[in-house]
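Just so it is clear, A, B and C label the chains in written order, and each chain counts residues from 1 on its own.
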Amino acid sequence: MSAAGNSVAVGATPAGSGWRAFFNQSRGVRVCSCLLLAIAVLVVFGPLLSPYAIDQVDWQHIAEGPSWSSGHWFGTDNNGRDLYVRTLRGGQISLLVGICATAISLLIGVSYGAIAGYAGGRIDQVMMRMVDVLYAMPFMFFVILLMVLFGRNLLLMFIAIGAINWLDMARIVRGQTLSLKHREFVDAARALGVPAADIIRRHIVPNMMNVVVVYASLAVPQMILVESFLSFLGLGVQEPMTSWGQLVSLGAREMESAPWMLLFPASFLAVTLYCLNVLGDALRRYNDALAGSLRGAA
Amino acid sequence: MLRLIRHRLLVAVPTLLVLVVLAFVLMRLAPGSPFSSERNLPPSVEENLNARYGLDDSLGEQLLRYLGNLARGDFGPSLYYSDHDVADLIREGFPTSLRLGLAAMILALGAGVTAGIAAARRPGGMLDHLLMGVAIAGISVPNFVVAPLLILVFAVWLGWLPASGAGPDASLTAAGMVLPVVALALPQFAYVARLTRASMLEVLDSSYILAARAKGLPERTILLRHGLRPALLPVVSYLGPATAAVITGSVVIEEIFGLPGLGRYFVQAALNRDYFLVLGVVVFYGLLVVIANLLVDLCYGLLDPRVQRQ
Amino acid sequence: MRQKIVLAVIAAAAALILWRVFQPQQGEDVAAEADAGPTIAVLRRGNGSEPEALNPHNARTDSAFNIVRDLFEGLTSHDPDGKVVPGVAESWQVSDDGLVYTFTLRQDARWSNGDPLTAADFVYSFRRLADPATGAYYAASLSPVVNAGAIIAGSLPPEELGVEATGPHTLVMRLRSPTPYILDLCTHPSMAPVHRPSIEEHGDAYGRPENLVSNGAFVVSEWVVGSYVAAERNTEYWGNSANAIDKVIFYNTVDTSAELQRYRADELDFTGSIPLPQFNWIKQNLGKELHISPYLTTYYYGLNLTRPPFAGNAKLRQALAMAVDRELLTERITGTGELPAYGWVPPGTNYYTPQSFSWANLAPQERIAEAQRLYAEAGYSRERPLRVELRYNTADLHRRVAVAVGEMWKEHLGVELTLVNEEFRVMIQNIREKQVTEIFRSSWVGDYNDAFTFSQFLHTDFGLNLVGYANPKYDALLEQAAAETDLRRRRALLEEAERLMLADTPLIPLYFHVSRHLVKPHVRGWRDNIMNTHYSKHLSLQ
C-alpha cells in the first residue's frame, strides 16, 4: 500500500500484464524495487570494498563513530569490529533467513494444503482439524525452545522459523485446491490414470502460484522480523557471523552512547522490511486485479 | 450457537492434550537440569532436589502424574520460583498482561480501524499514503527498538511519563501504562489498519454499495452503515488469535518496562528448565486461544447475518 | 431470539470483565497510602532479576540473597564494609582446637510476629537445611559441621547434625576441622533461621509474603512477581532503633539499560548494576554517582583436562594463558575497572596474599615470545594451528570477551578458535560431561571471604571441579590447611597450593570482577565492599 499506487486496487484492469505491468503500477513500487535491488547488491558485493574482515578487531578504534579516515565508514562496534562489513554481512544472513524460512514454510504449507484439499473427505477433515489444533500452539515459544535446546545452526533456524507460519498457507492452498480439483484439466488427468501425487504436483500447485507468490512476498519480512526477535533473546546466529536483528538489538542498548551502532543496521532492516511489505501489497493488489479482470473476461 | 460453544470446548480437550504432551517431551529432551549452576551443587544435593519434585521417576510416570494433576486443576510447583505454585504465578502475572494486552488491542483496534477507513476513503490520496506509510513502518521496526526509544524520548529527555510500567509508585497506573501499551499496540495497529483498508476497499467496490451510492445516500452513511460491518469481518478473525497472543504478554515489552506479566515465563521458564511452569503457561495460552477463537466465531454472528443463519 | 439473548449475555460478560480488569489492584491503594505519608523513608533498590524465593532454604541467587539479608539475620552479619559482625549471636567462644563454637544469642532477638528467637530455632533451621527432604539448594553451606555431609546424602538422620542448644540462648556448633571462615559462612543467607511454626503450618508456601515470619530488620509486605518485593520496618528487630529506613522496595531490573533509564528518571535510589555498553557515557555524565568496587569473583576460561588437546599438555595451556593481553582486555573490552587476573584468588580476600603466574612479571613482548615458544614445543605452528572450540553462555559481555581473546590467540599464536554460544544450562551440562567441551567460560564467586572457597574449587573430589584437575599434591596441601588451626601456617599452605596449581595452568584466569552501582547522592551510609552486600538498615535517605 502506501506509496504504491492505489488506483489499481479499485478494480481497474492493469495496463497489460506481466512484470512490466506490475512495475508500472506506481512510482512507489518502482522506488521500492530499486531500493531492494540496491540493498541486495550492496549486501552481496559491498563487503568486498572494505579492507576489514568481519571478525577483525581494530584495537585502535573500539566503539568509534563513522569516520572516513579510519576506513570504518559505519563506525565500529564495542569489540572494535567494522560495522560496515558487519552490517552488510549481517544482511546476507537476514535475507537468507527470510528467503529460506519462507521457502520452508511454503514447502510444508503448500504440500499439506494441497494434499488435504485434493484428498477431501475424512482425510481432509482430520488434516484440517490438526491445523486447528496447531493454531492453539504458542509457536514462538516452540521456536525459542528449539533454538535453546538444540544449538544454533542456521539450518535449524530456517526450519524452526519456517515452521511457524505454514498454517495460513495450508488453509489458503486447501481452499484453492478444492476449487481447482474439479476443473476439466484435472478431471482429464485423472481419467488418464495420472497418479494423485503427479496431479497435485503438475496440475494443482502450478495453478495457484499467484496466491503462493503473494503470500510468500509478505512472509519474507515477517520471517526477518522473527529472526531479529530471536536475536534480541540472544538466540541468533553464532559469532563471528551476525544478522541485522543481532546488530539492531545490540545497537538498541547503546542508542544514546553509540547511536551509529543502531542507526546503520536499523536503517537497513527497516528499509528492507518496508520495501518488501510495499512490494508484497502491490503484488497482492496486482494479482487481485488480474484475477478480477480474468473473471470479468470469462 | 450453544452447539457451537459446546463443539468448540469439546475440540479444546484434545488440542490441549497434544499441546501438553508436545511441550513436555520437548522440555525433557532438553539438555541441562533445572538445578544446574556454576556454583557448588554437590551431587547429593541435586539428588535431593530431584526427589523433592518427583523428577527421579520415569518420564512416562511423570507425564501421567502431571496430566492427572492437571485434570484436577493442579498445575504443580514452580521449580525455580520455589516459593510459588505455577497457578499462583499465572494468577499473579495474568492481570497485568491482560490489562496491558486489552488496552493495547483496544487502542490498536480503535486507531487501526479509523485509520483504515480514513485511508480507504480516498485511495491514493495524501492521507492514504501517510497512514499506510506509518502502518508499514509499524511492522518494519522491531519493538525492542521502539520501546527503548519511547523511554528515551518520553521518560528520560522529556520526563513526561514514567520509564517503568509498574511498581508501588506507578503501579500500572494510567501514566505507567502509556508507553508499554503504545509499544505493544504499534504492530497490531499496523495490521488492523492495513486489513481494514484492504477489506473496506473491496466492500466499497461491491454491488450493494454501488446501489447505495446510486440511491444518493451520503458518503458517511455508506461508509459507516453499509461498508463497515462487512469490512470488519477479516479484522475480527485476525483479532481472535492476536488478542490471545497479546494478552499472554510480550517478553520484550515486559523486560524493557519491568512489568510483572506472563510473557517472560515463556522464555525464562524454558531457560530455567522450570518444567511445570513451562507446561502451565503453555496450557494457559492454549486455553486462551481456544476461547478467543470461540469469541471470534460469536462476533462473526453479530456482524454477518448469513453466518448466524447457518 | 435465543441467539440475541446469548449474544447479549456474552456482551455483558465481556463488559464486566473489562471493567474488572481495569479496576485498580489492591496493591496500588496501599502504594497510594504510602505515598500520602510525608515522613516515611522509602528506599528503592534496583535488584536485578526476579528473586526466585524468599525462604532462605530455597534462595539460590544474589537477587534473592539481597532481599533475604534484609529480611533475615543469621548468627553473624556484615557491617557496611562487608566485615563480619555479631548478628543474632552477640558473642561466641572457640575451643582451643578450633572445633567447637559456642554462640551466645541476644536476649532481645525476636521474630517479626513477636515470638522469641532461641537457640532451638537455629537447631531446627540447620537440621532442616541439611535434611534431604527439604531439598535445600545451599545445603552444602553446612558442610564444615559434623555429620552434615552424611545427612545431606541421606545416610544419617538430621538429628545427628553437630549443632545443639545447650540453653535458650546458647548454641553449640561442632566442626569436622578447624574452619576459620565458619563465622563468614554464618552470614550466608542459607544459614539464617526459619520460623518453625510457620513452616509447619504453610510448608513450601512459607516464602509467600502473607506467611513469611522473619527475624531481620525488615519484614516483607508485598511481592508482585516480576515487578518488585516490598518490605517494611520490622519493629520487633533488636536493632530497629538504629534503622532509618521505613520501607524498602526491591525492583526487578533484568534489563540493565532500562534500569539506568529508571534511575535517571528518579525511580530508583541505587541500581543493582549498570549497562556495560554505556559505561563511558555513565562515567562522563553520572561519574559522581558511580561506585565500582572489587568483588570476590574470578572470571576465567576453563580447559577440559580430561581430553585432548589439553590433557597432559601443560605447555599448550600455558601458551594460551600467556598470549592473552589482560591489560588490553580489561581496559578496552570490559573497561569498567576490572583487575587483570594473573592468579586465581582475588585480591582483597581475608588473610591472603594474592599469588600469580611465574611469568606475570615478564614484559609483554617477552611474554608473547615465550608463549610462541611453548606453543611450538607443544607441537603447533601457524601451518599446523590449534583448532579449538570455546563455549560461552548467551550474554553480551561473554561474547565480547570471547571475540577479543580469540583475536589475541589468533594474532599471537595463530590459533583457530570457533566460538560456540550456548544456552547457560546446556553449557553447564556440556562442561560437566567433559565430552565435547574444550574451552569454556565461567566465573567463580566466593561464597564467603576466605581463600578456601577458591582453593577448594580445584580439589580432585570437589563436586564441581569443572576442569577435571587432579593433583594429589594440591589436594594434600588443602587437607593440611583444613586441619591447621594456626592462621598464618594455614595461609602459607593455601598460598603454596595456589602457586602449584597456577604452574599447571588448569584454567586461564582473565580478570577479577568488580561490582558496579549507581547511587543517588541523597543515599547516605553507602560503603563499597568486596562482598557486595548492602543492607538497607545501614543506609539512610537525605
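The criterion applied here is as follows: a contact is a pair of C-beta atoms (placed from the backbone, for glycine too) under 8 Å apart; a residue touches a chain by one contact, two chains touch by 3 or more.
Keep in mind it's a predicted model, so treat the numbers as computed, not measured.
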Most widely separated chain from chain C, with each centre as the mean of CA atoms: A
Most central chain, Cα average position: B
Gap in Å, rounded to a whole number, between the CA centres of chain B and chain A: 23
Euclidean distance of C-alpha centroids - chain B vs chain C, Å: 36
Rounded Å distance between chain A and chain C, as computed from the means of their C-alpha atoms: 44
Residues of chain A whose C-beta touches two or more other chains: 148-149, 253, 256
Chain B, residues touching no fewer than two other chains: 30-31, 148, 152, 271
Residues of chain C whose C-beta touches two or more other chains: 257, 423, 426
For the chain B and chain C complex, residues of the former touching the latter: 1-2, 30-33, 35-45, 47-49, 51-53, 77, 80-85, 88-89, 92-93, 95-96, 98-99, 102-103, 148, 151-152, 155-156, 159, 162-164, 166-173, 254-261, 264, 268, 271-273, 295, 298, 301-302, 308
Sites on chain C touched by chain B in the complex: 2-3, 6-7, 10, 18, 21-22, 25, 27-28, 30-31, 34-35, 44, 50, 52-55, 58, 60, 132-137, 139-140, 149, 152-154, 204-208, 222, 224-228, 230, 249, 251-255, 257-258, 261-262, 264-265, 267, 423-426, 428-430, 432, 442-445, 447, 457, 462-464, 466
Residue ranges of chain A touching chain C (in the complex, touch as defined): 55-57, 59, 62-63, 78-81, 148-149, 151-152, 234-235, 238-240, 250, 253-254, 256-258
Complex contact set, residues of chain A against chain B: 1-3, 5-7, 9-11, 129, 132-133, 135-138, 140-142, 144-146, 148-149, 221, 225, 228-229, 232-233, 245, 248-249, 252-253, 255-256, 262, 266, 269-270, 273-274, 277-278, 281
Complex interface listing, chain C residues touching chain A: 257, 275, 277-278, 280-281, 328, 332-333, 394-396, 399-400, 402-404, 406-407, 419-423, 426
